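Please go over the structures that come below.
What follows is a pair of complexes built around chain A, which joins chain B in one and chain C in the other.
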Partner chain A sequence: MSQMVSLTVDGRRVSVPAGTMLREACRAAGETPPALCWHEHLTPANACRACVVQVHDSRALVAACSRPVAEDMVVETNTPRVLNARKIIAELLASAIDPQRAPDLLELVQATGADVGRFGGATPRVEPVKDDNPFFVRDYSQCILCYRCVEACGVDAQNTFAISAAGRGVSARIDAAYDRTLPESDCVFCGNCVAVCPTGALIDRQEWQLRSQAVWDPARITTTETVCSFCGVGCTLSLQVMDNRIVKVTSPHDNPVTHGMLCVKGRYGYAYVQAGDP
Partner chain B sequence: MFGTGASTSSYEDFHHTDVILLFGSNAAEAHPIIFHHIMRGVRNGARLIVVDPRRTPTALSAHSHLAINIGADIAVLNALAHVIIQEGLANTEFITRAVQGFDRFRDAVAAWTPERAAAIAGVSAELLRDTARRYARADRAMLGWTLGITEHHNAVDNVFALINLALLTGHVGRPGTGLNPLRGQNNVQGGGDMGALPNRLAGFQDVRDPEVRARFERAWGVPLSPQPGWNQTGMFAAMGRGELQGLLVIGENPLASEANGNHVRQLFGRLDALVVQDIFLTATAEIADVVLPARASFAESDGTYTSSERRVQRVRAARQAPGQAQDDLWIVAALARAMGYDWASPEPEQVFDEMRQLAPNFRGMTYARIEQEHGLQWPCPTEGHPGTKTLHTRLWEPVVNPKVALTPVEWEAPAETPTDAYPFMLTTGRRLAFYNTGVQSNLYPHPHNTGERIEIHPADATRLGLADGERVAVTSRRGRVEVPVRFSDTVAPGTVFMTFHFPDQVGTNLLSIDAFDPEAGTAEFKASAVRIERIG
Partner chain C sequence: MSEVRRLLPEPGVTSAPASWTRMVERGYAEAYARLLTTDPGDIIREVVDSGLAGRGGAAFPTGRKWASVAAAPVLTRYVIMNADESEPGTFKDRVLLEHDPLGPLIGLLIAARAVGARQGYVYLRGEYPDLERTMRQALAVLEKPGWIGPEGVSVEIRRGAGAYIAGEETALFNSIEGRRPEPRVKPPFPATHGLFGLPTLIQNVETLANVAQLFVHGAPWFRQVGTATTPGTKLVAVSGHVTRPGVYEVPFGIPLQTVLDDPQLAAGIAGSGQLQCVLLGGSAGTFLSPPEVAGAVLDYGPLRALGASIGSGAIMVFDHTVEMRRILIQLAAFFADESCGQCVPCRIGTRRLLDILQADALARREPDLRDLASAMRDASICGLGQTAPMALLSAIDRPALWEDICASKGGQSL
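And then the complex of A and B:
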């Protein structure tokens, strides 16, 4: 049994194991901070700062996702300063990407009452969509550099290390090294980066095509949980079917086998099922 | 293990262990999501040791890689046991309480010095000593293996040698320890569990056990033969003798997947009736007398699969199957009716419920529970039972009865070794993006789908005067194929590697040897002697 640490969150006393991050302690107190870059199965990148909270005796606001708890910490999650910071973060992000394609950001905008036009004078980064492989496209004009894709490609799941951040400051971007296409890179096309992308910057090619043709229709899509047909690991698949065609495959993030991660065969290798369709 | 053909641990045990030792397993490509669990353990501090003739992506992720010669596994494992005993690293408390046959085993490995094994395996004696010490000294250690162990003519002995290592050290029956055969096909565990083996009934129960048979006879109202049937290799032999004249093949493509493919084709040609039940007109289906179109089970029918960690999970129809394709269960029931049996049209859940009444390990599983609890791991004997993460925990109880046995095994070279006429050893395996004979995996567009290549060490290729990408002839004692070469230092000089994912282009299994394990019936896909020649 690990040592327990007691702290106060919004006036409530909570006790959590040592090493727990503040976010989890806030959740235990019933006050889960919002999050964009944080993901339950990924190392916190501490990038978006949507989860900031106020800690007594700390000069700056701290990111709850990546600050470990300490004995007798006093934390406040809803002070005017915290709420204002979150609102500005939402406004800045909304000036850079389209929140309509990023459900988590949209939620943050709504929760904070952000004015999405406040920084309307900003010049959004415009980049052509990278469509260089059969499985997913990369629209980096929609990227907020949350690092989820980098973590999923690295030690948190796939251990392939095909992508990382390149460049600094405003020219920072996610890259497969030397600006290569993905087929030229170390990428193995598992699509786990797509599975964790919160903004739609990474999107399955099939979905992207159907959306751009205005054919993608959530009302006509049924989702069925089953198990992959390839090796013996037993990965749960959520098959999304529209008009009797599989159009997208994911795995639930709360699944104890996959944690939402799949390999290329499970995620994209379904063509054989419908190869004989009229 | 010890009478149950299944992994003794769960994937999450890889997260909390000190040493992970993989034998003949390229999990990064063949079991990518198990590899995620393995690497989670590495990140938590476990040491990863990979024993594999090839420098696979898995081996590249390891702290140490024992690039042994093909088929040297038992020499290596006996030497590891030798070091563990000689250096006093065996878990004597565990052995005294739970293990029998130690003295005989100690005598059997006494001659297996690391130096002797090193000469056979082509790795240093010091590396063998280091591996033995690390495995034995660990508080918890996991052992995993795949077809590099079982696709050999002495597969069963290979597995015994692995079990011996776990018994010597007590690395079984506790969380973070265990013996894990990583399963290659989505429901191969479930197939075996449900009695799709010549000597088993549902629940992995022995058909030779009169009590077991009586229970099934009562439920089914028919007498059951106490004689085990033939395994696949036995069926091929019986076809050769003319004793087996009819064959129903369900969801397999043996013409492309079996060793010595030309011989399989001849045998199938002699059958009076070959019926193939498949979702595609495979190479095997093309020569069948009757083809029964089936549904893609994972997406077009209902039932369960059982995974490599003994987890029974629900499979559900997500779409309508094309044309007249029918569910496997529907087809089997229709065949039974055509044979004069009074089988209605059973629902999958009815079959499952009947099974669990007859198979104690599954009795506590219901469809409702499987759906609510992310599947259930057997044994799960009652409806209040949570399922079992770790098998053989009884080995850690104060009194162990019966004890488990150490089984001395002797190393044998592969059935074929290099000669002047066939100087290379061909070994086979999978690549990440593809699967088995390619029936499923060659229909999606993948940037790495460049077709089959034979991987050869650059030094060998240069000596033969080959250019990278050049098409060569590869000949074994059984067949000849043409295939482009790919220079690669993932294979050692003298070894070449191919997959069998592209049989339409390159019939790799025309080359592979059908020497097989007498007990398991598994052919030695991992070791065939070949020669490589320029064409023209």
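And then the complex of A and C:
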């Protein structure tokens, strides 16, 4: 059994295993902080800063996702400083992208009472949609730079390292090696970046097309779980079906085999199912 | 009380800066001989006793930092000279390295012995190519007797590529490692997890120059100038509307007014001759009104009462004709451009500060500016985002200055 660490969160005493992050301790106290970049199967990027909490004896606020717990830490998750920081973060993000297309951000906006127009008026970065491959589309004007895609493409899942951050300030962006198109890059089109993107900046091409034709309708989509038939690994697939046609394939994030990650065949190789007889 | 030259050589010193003659003339050769017979623990004790604090901006006690690196459980350690100096109005490290490159390098060798490092780096601002030549000559001088090299401490020069953020210590480690200079989350701190994840001591150029002088003359001598709490001298970079802009070495505790007026120092307000304000401490510093300037002394304790700090030692002086809103816009543009882009409060926040300063109805945006500034200070990952709104806040807190700023036109970016 691993060693336990005891600390105080909002006046409540909690014990969590040593080496875990403050986020776990907050969760144990029933005060899970909001987050946009954090993802259960990815290394914390510590980028959105929405999960900041106040730690006694620390000058600045602390990101709960990436601060290891320590014995007798005193943590507060709802002080005026914390609430202001979270609200401003929601307002800043809402000034940069469309929250209606990013459910997690919309939730943060609502939870913090953010005024989405407060810092609005100018989009930091307007970029044409990148539609350069048959599998997914990249609309980086909707990107919050959460680094989830970079991590999924790197050691956390795919180990392909096709994409990384480039540029600085509001010109910072996700880039496939010196602004190459994805087919020219190392990308293998596994779509794992798409699977973890929280904002719709990365979106399957099929979904994007149906949405732009205003045909995409979540109310008409049913999900069927099955096992991928391409190889012996046996990844669980969730087939999303609209009007008796597969419109999207994912895998559940809590699936012990896939953790939501697939390869290009499982995620995008479904056209044959509905191809009809030759 | 005016200039006290310790780090900068006396005007009488005419030997070539990167030469063996200079090494002997400045006492560094003797200091190195003493170094070899001094126990690392005693070296650290001497630095602690001197009361030396970091000169790169944060004024962290140097001896304490050395002790924590020396105590790190891993035996491969690194020492780094931070010569990335990229903040507007800060140019003292450049002048120091031009005039006496051997001093900071000797300081680096002392640091290496104290913490047990066999490898050191000089991280030099990319826009200082002339200085790289000087530094290579200085390294050659130290390589000859084997002080630098496989038998002593290996020292390599790394040049930055134009990003201000690479001067932040953990971003600098990433840069040396060949990665994007994004600051890392702290803790873990450099003393245990620095360059290549190993214990690392990183110091500013001027801090290391002080270490060399300390080792030449000893701690009691070191404490002879300055104040009891802040011993020693500080290099200040004075720019803007003064008669003699430049870098001066002054004792801590000197009145700010003396720095501006002394004929040996900045020699009086130039331009219109009428002082409007001083930006003390660099781009993230504090605006001081003329009465505040008149009462200020260059020491951390007393300056804290004014909400100010010495920072890197930049002193920017503005006469009464300067449209201060343009200066605020320029500072905001600097931070918006230099943010590494990693975290939301800084990446978008610095941009929004700039937007607001450039738009109309500035006075009405004060509550928004204050909330945004608090969030940036509280929730940004590193010092850049945390301090980017400081100068602006100090302007808001000075009603006369802020009224002028709000009344003047926003105008375009510069």
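Everything below uses one rule, namely that the second predicted complex is superposed on the first by the 274 of 278 C-alpha atoms of A that agree within 3 Å, B and C clash if a C-alpha of one lies under 4 Å from a C-alpha of the other, contacts with A are read in each partner's own complex, and residues count from 1 in each chain.
Operating definition for what follows: contacts are C-beta pairs under 8 Å (C-beta built on N, C-alpha and C of every residue); 3 or more make two chains touch, one makes a residue touch a chain.
Predicted model only: the values in this text are computed from it and were never measured.
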Once both complexes are superposed via chain A, do chain B and chain C end up clashing or fitting?
fit
Between the C-alpha centres of chain B and chain C, what angle is subtended at chain A's, in steps of 10°?
120
Is A:Val215 contacted by the first partner chain B, the second partner chain C, both or neither?
neither
So which one touches more of the residues on chain A, chain B or chain C?
B
Give one of first, second, both or neither to describe whether A:Ala47 is in contact with chain B, with chain C, with both, or with none.
second
Using the touch definition from the top, say if A:Met261 reaches chain B (first), chain C (second), both or neither.
first
Distance in angstrom between the closest Cα atoms of chain C and chain B, superposition on A:
15
Would you mind writing out the residues of chain C in touch with chain A in their complex?
163, 165, 180, 182, 185, 187, 336-345, 347-352, 355, 359, 368, 371-372, 374-381, 386
Residue ranges of chain A in contact with chain C within the complex:
46-50, 52, 60-61, 63, 66-68, 81-82, 84-85, 87-89, 92-93, 95-96, 118-119, 121-122, 124, 144-145, 164-172
So in the complex, which bits of chain A are touching chain B?
133-134, 155, 157-159, 182-183, 188-190, 222, 224-237, 239, 241, 244-246, 255-259, 261-266, 268-278
Given the complex with chain A, which residues does chain B contribute to the contact?
11-12, 28, 30-36, 39, 43, 61, 182-189, 279-280, 296-300, 305-309, 311, 313-320, 322-323, 374-375, 432-435, 439-441, 443-448
